[in-house]
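Take a look at the structure set out below.
Every chain is named by a letter (A, B, C, D, E and F) in the order it is written, and numbering of its residues begins at 1.
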């Protein structure tokens, strides 16, 4: 097989992987971002009434253990999205 | 006579010829263009009613001999302008 | 004393002098300009009625000795500002 | 006579007699002007390209771009030397185009005019903007097989990204000698999206697929997260995405980074309104005019009228078609595994050509089911297709240059 | 004392004492500012020229343009080296002016602001824009006889074209060392058209000629073709004319081609509105500000205060007067052979200086016959005079550079 | 595996592992974005600086500015070579920033947006803009003592001028390697003026001083000359001042001259409206966007994370505080000798940071006496502080470069 065509094939594979990874990250980043903002920066009028199911996965006591609110939200949202809502966080320990 | 002045004289002659030729072409192009547009792209409301005398020089049957309309108009208008309205096209043959 | 620090000290002195001189000239130029404009280019409606005290220092006859009006005003205003209103011009001679 | 001879020499008539093919270039200019003005094919680019082409065809005006070669030393010349020797069009070309400056500046303006709202509201559909980049790489391989160099093949393939500035940027970096035909092909096919998408859709989808009703599916299987503070999300999003892209595909930063910066200064609002106006008006409009003229000026009979141009025209079309096909197939595969079905037209718009592709997809969907408004959904993959092809361009540049 | 010495060295007082003629340059700057601001002589150019002159006169600010010579190697330096060594004004001069870039960009803007409508409606009168270029070539010959080089003489003559950007472009190409006085003479005389035209008209025309009534003549001997679709004509006209000029006088394409492109993007309308705004606002305004400042910065006591400047001032006036004379004579000769008479004022406006010359001609006509409104007719030869002098500039450049 | 390796190489992950401090730069970018967007600290500059920083941190994108050294030959390269070799951000940096072009262009815009009216109405107060430059020179000496070179110390000191473009211009000329931290310090402290001025005022003034009532003093000891034709004064003032400055401090002409030219074309009014729009919109906005991005792009972990940056942050604060102190002291000294007292807050605003310093001073005055509106008075020394620091920059450049 021609050397150039082999390079072209590698570029095809690398290129499509990269595009898929980046757009997957676009989706993931967007989802995490929306959840964090929803939880901590929701606009006053519509904040507590419309909590999405994902957000209610987190028990409120978690928030009082000295872990910054934003970090917590990031962890929670990430787990939530990656496990497609099946994983739930029960507790987080800080050493 | 000084060589530079001779060059300057040549530039005078060439320059004025060029300027006259270009502005003559501006006039000619404009006239042809107006006639072509008048004949084939006239705005609907005022199209057939205000045919200028120049346009009526061309007999309508000419248009049906397989010569594209625009080409025809260009030829007709050119002859018309160059002969200052005295020449008339009676027929055009395509081989 | 370090050579660089000596240079820095010179720059301090020169710099502050320059800044003070330039801003003094800003004030001076502005004052002279305002007086010249007030005297010779005042807007019609409010011109003669609101002559400031500085302007009245100049006796009107001065203006008729062949010295251009603007030059005269510049001289008068400058003297006026520099002497803080104490100096008065009695006459100007042209050779 | 002496004067008449010199008069004749001053004109370009001699050159026209020597290379009568220049008339073909004039004809091409008139066709492009007709398409741009009368048919309204991307007039902002095609009109300047066509007029640049018109002005470029006679050397006496020094309005044609001379490609740099090892011999003519153009790459070593200063801007002033280029202007003195080759005229202002070459100056503009070597200052603004050959440096690769204008496409990122246009992306800055595009970003300032892009609203990521529809994409954020239907985020998961953005994923289909990835599959629709397959035409780029497929044509890359085919073009190499047809005898193009790797760099030229990459520049040709990027036409399948359906994004003008991306195609021009990639061409400048990889194969500047093909810039003219690639730019024309890219913008022409983008204008022809209302013809190409239905053509591909007809051969790859069934009526029942085209009737998949997005809103009803959404109600059956709700998945979207309601956005409670859109303004904050829209401000943080370009920052977050810019960080990720600059980390993972640095070679696409000149395009994607500028796009996201433009978007950020738009979303911040009145505090950065001066920057927004500079990006979306001053810089954008000026860049467009010079880009068009210079691209047009690269095309002369010698460089344009050859078999490569023809292959670019054909290859570009294939890249477009394969990209649309890829997007549709990705949806079909997704539908096999998911209960919640997606209309394959959402895949077809992954190509980009924003926002025309979305409008075309919406029209097709409405033809099959007048209640099936898919515009908002299509916009998601449509916008993500812009990012997708800019990332693909980054990969091509990173591997081939 | 050491500090006071260094303080004194920092100022330009030493230089002022060495070359007290600099005071004359200051006076010139004030006169130009007075003319521009108070007398409203072409303020868009004269104000920046005057302020540029004001800032340029002391070397410490590096705001004066240094002409490139064989010794100083300026033509070989990169933009960055020029900026580092000679300051930003030289950078702007060598990047924007010396390259010849700004005049074509200003012509782009002029084109976008020109309406060819009046010319198209009275097309045959456009021909008189040719005769009014005779001053250019007459002064060329005289200047050569007076000892100017051919190039300098050409740059001097072009003042007779009564068109600022054309004069500046020609000077840059043929005799950059004369740019300052030529630009000032060109813009000053353009502003003085309300004085110069009546002056020439008084000595060359009779009262009965000035009373020739254009509308009555038109009714007696109708010749005009009614335009039935002005928009289409206006769109095709710049394309057609651009093709002709690029074929016949390629060296005038940087000026005429840009003018026609600017006009085209205006006439197309909303589809190319972004390009129109870039051409007529962004590019035009920015180019004007930099052109003015840089032209002003070329003038220092050394380069300006000499007999050449005086000869340029005199020669420029003669060029203007002869051009007006030529236009008037062309009409008179036409009137000998034609039953349909033309008012000689139509010839006088062939000079260009759009639209002031037309207004002046109209005022004179109305003074002799209050019903004789000739503005629309005058505009035809007036606009064609712009094309005429740009073509003449192309011929000068082609033959002399 | 081969493909995964090449995939990894394409990303910047390897570089991140090698120099993990880059994460600190990311954090800095986020902090600056937070300050610019949320806290509204000079968003027009801090947002582009922060985004430029974000895009710059990985070499693959070629968006980071490479400082020219004797080895890399950057100063000898043409613009095209720089773009090809180092990417568009370096091209912009070496064309627009390193040449020193953008700060004067921004001053042109600042001038076009400055109204000298308040200063002309309270002219004598303008004198206090001089004393408030003392921080510049004090920190110059301290920095030299701390081990900075003279040039670096000058660039550091100019932060005390409280004027962004002046600080950037001086840094470019004297110490381009410190441009990033100096620009950030200058703009951050300008944004922090509402904190810094009260802080200094508290330690240096008494309540009775802060209660000095400007309008009552004016009535007791009237001194002002009523302006009878403000428009004429405003037009002649920039011309006169430009002449004086170009004669006495030529090295400050690129800044002050452009400021005054911008002001002149504003004051002339409709006749030069096109120039005004170019200066205050087109050029200003575009220059701001490129200045910000390029300044941000100069900062990478290597060049930024060191003790010098810390010293600049501390030194910049001291320069600010000493400048405010100097202005206050000058008023206090004046008050010893004069019957007519001046509120020391008028001295505090001599720093510049227009118009925020004046607003802060006004607020403090009103807190002590609700009838003591000092805004108009404060604006006089405030505006003159801009001229003062530009003149100081000229002195620094003239002596140290």
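Things worth noting here:
Going forward, a residue touches a chain if its C-beta (ideal position, glycine included) is under 8 Å from a C-beta of that chain, and two chains touch if they have at least 3 such contacts.
Bear in mind that the values here come from a model prediction, so they are computed numbers and not experimental data.
Number of steps on the shortest path from subunit A to subunit D, with steps defined by chain touch: 1.
The chains touching subunit C as well as subunit E are F. Steps from subunit A to subunit E, taking the shortest chain of touch contacts, total 2. Although subunit D and subunit F carry the same sequence, what matters here is overlap: shared residue numbers make up under half of all numbers found at their interface. Averaging C-alpha coordinates per chain places the centre of subunit B 41 Å away from that of subunit D.
The geometric centre of subunit A is 71 Å away from that of subunit B, both derived from CA atoms. A straight line joining the Cα centres of subunit C and subunit F is 31 Å long.
Within subunit E, the positions touching two or more other chains are listed as 6, 10, 78-79, 248-249, 282, 395, 399. Residues of subunit C in contact with two or more other chains: 10, 14, 18.
Those chain pairs judged to touch are A-D, A-F, B-D, B-E, C-E, C-F, D-E, D-F, E-F.
For subunit F in complex with subunit D, the touching residues are 6, 10-13, 16, 26, 30, 33, 37, 40, 43-44, 47-48, 51, 54-55, 57-63, 78-81, 83-84, 87-88, 91-92, 281-282, 284-286, 288-289, 292-293. For subunit D in complex with subunit F, the touching residues are 75-79, 94-95, 98-101, 104, 235, 239, 242-243, 246-254, 257, 261, 264-265, 268, 271-272, 274-275, 277-279, 282-283, 395, 398-399.
The touching residues of subunit E, counted against subunit B in their complex, run 119-120, 123-124, 126-127, 129-130, 133-134, 136-138, 140-141, 144-145, 149-150, 153-154, 225-229, 232-233, 236-237, 240-241, 244-245, 248-249, 384, 387-388, 391-392, 394-396, 399-400.
Note for the complex: subunit C touches subunit F at residues 2, 4-5, 7-12, 14-16, 18-27, 29-31, 33-35, 37-38, 41-43, 46-47, 50, 52, 54.
The part of subunit C that touches subunit E in the complex is made up of residues 10, 13-14, 17-18.
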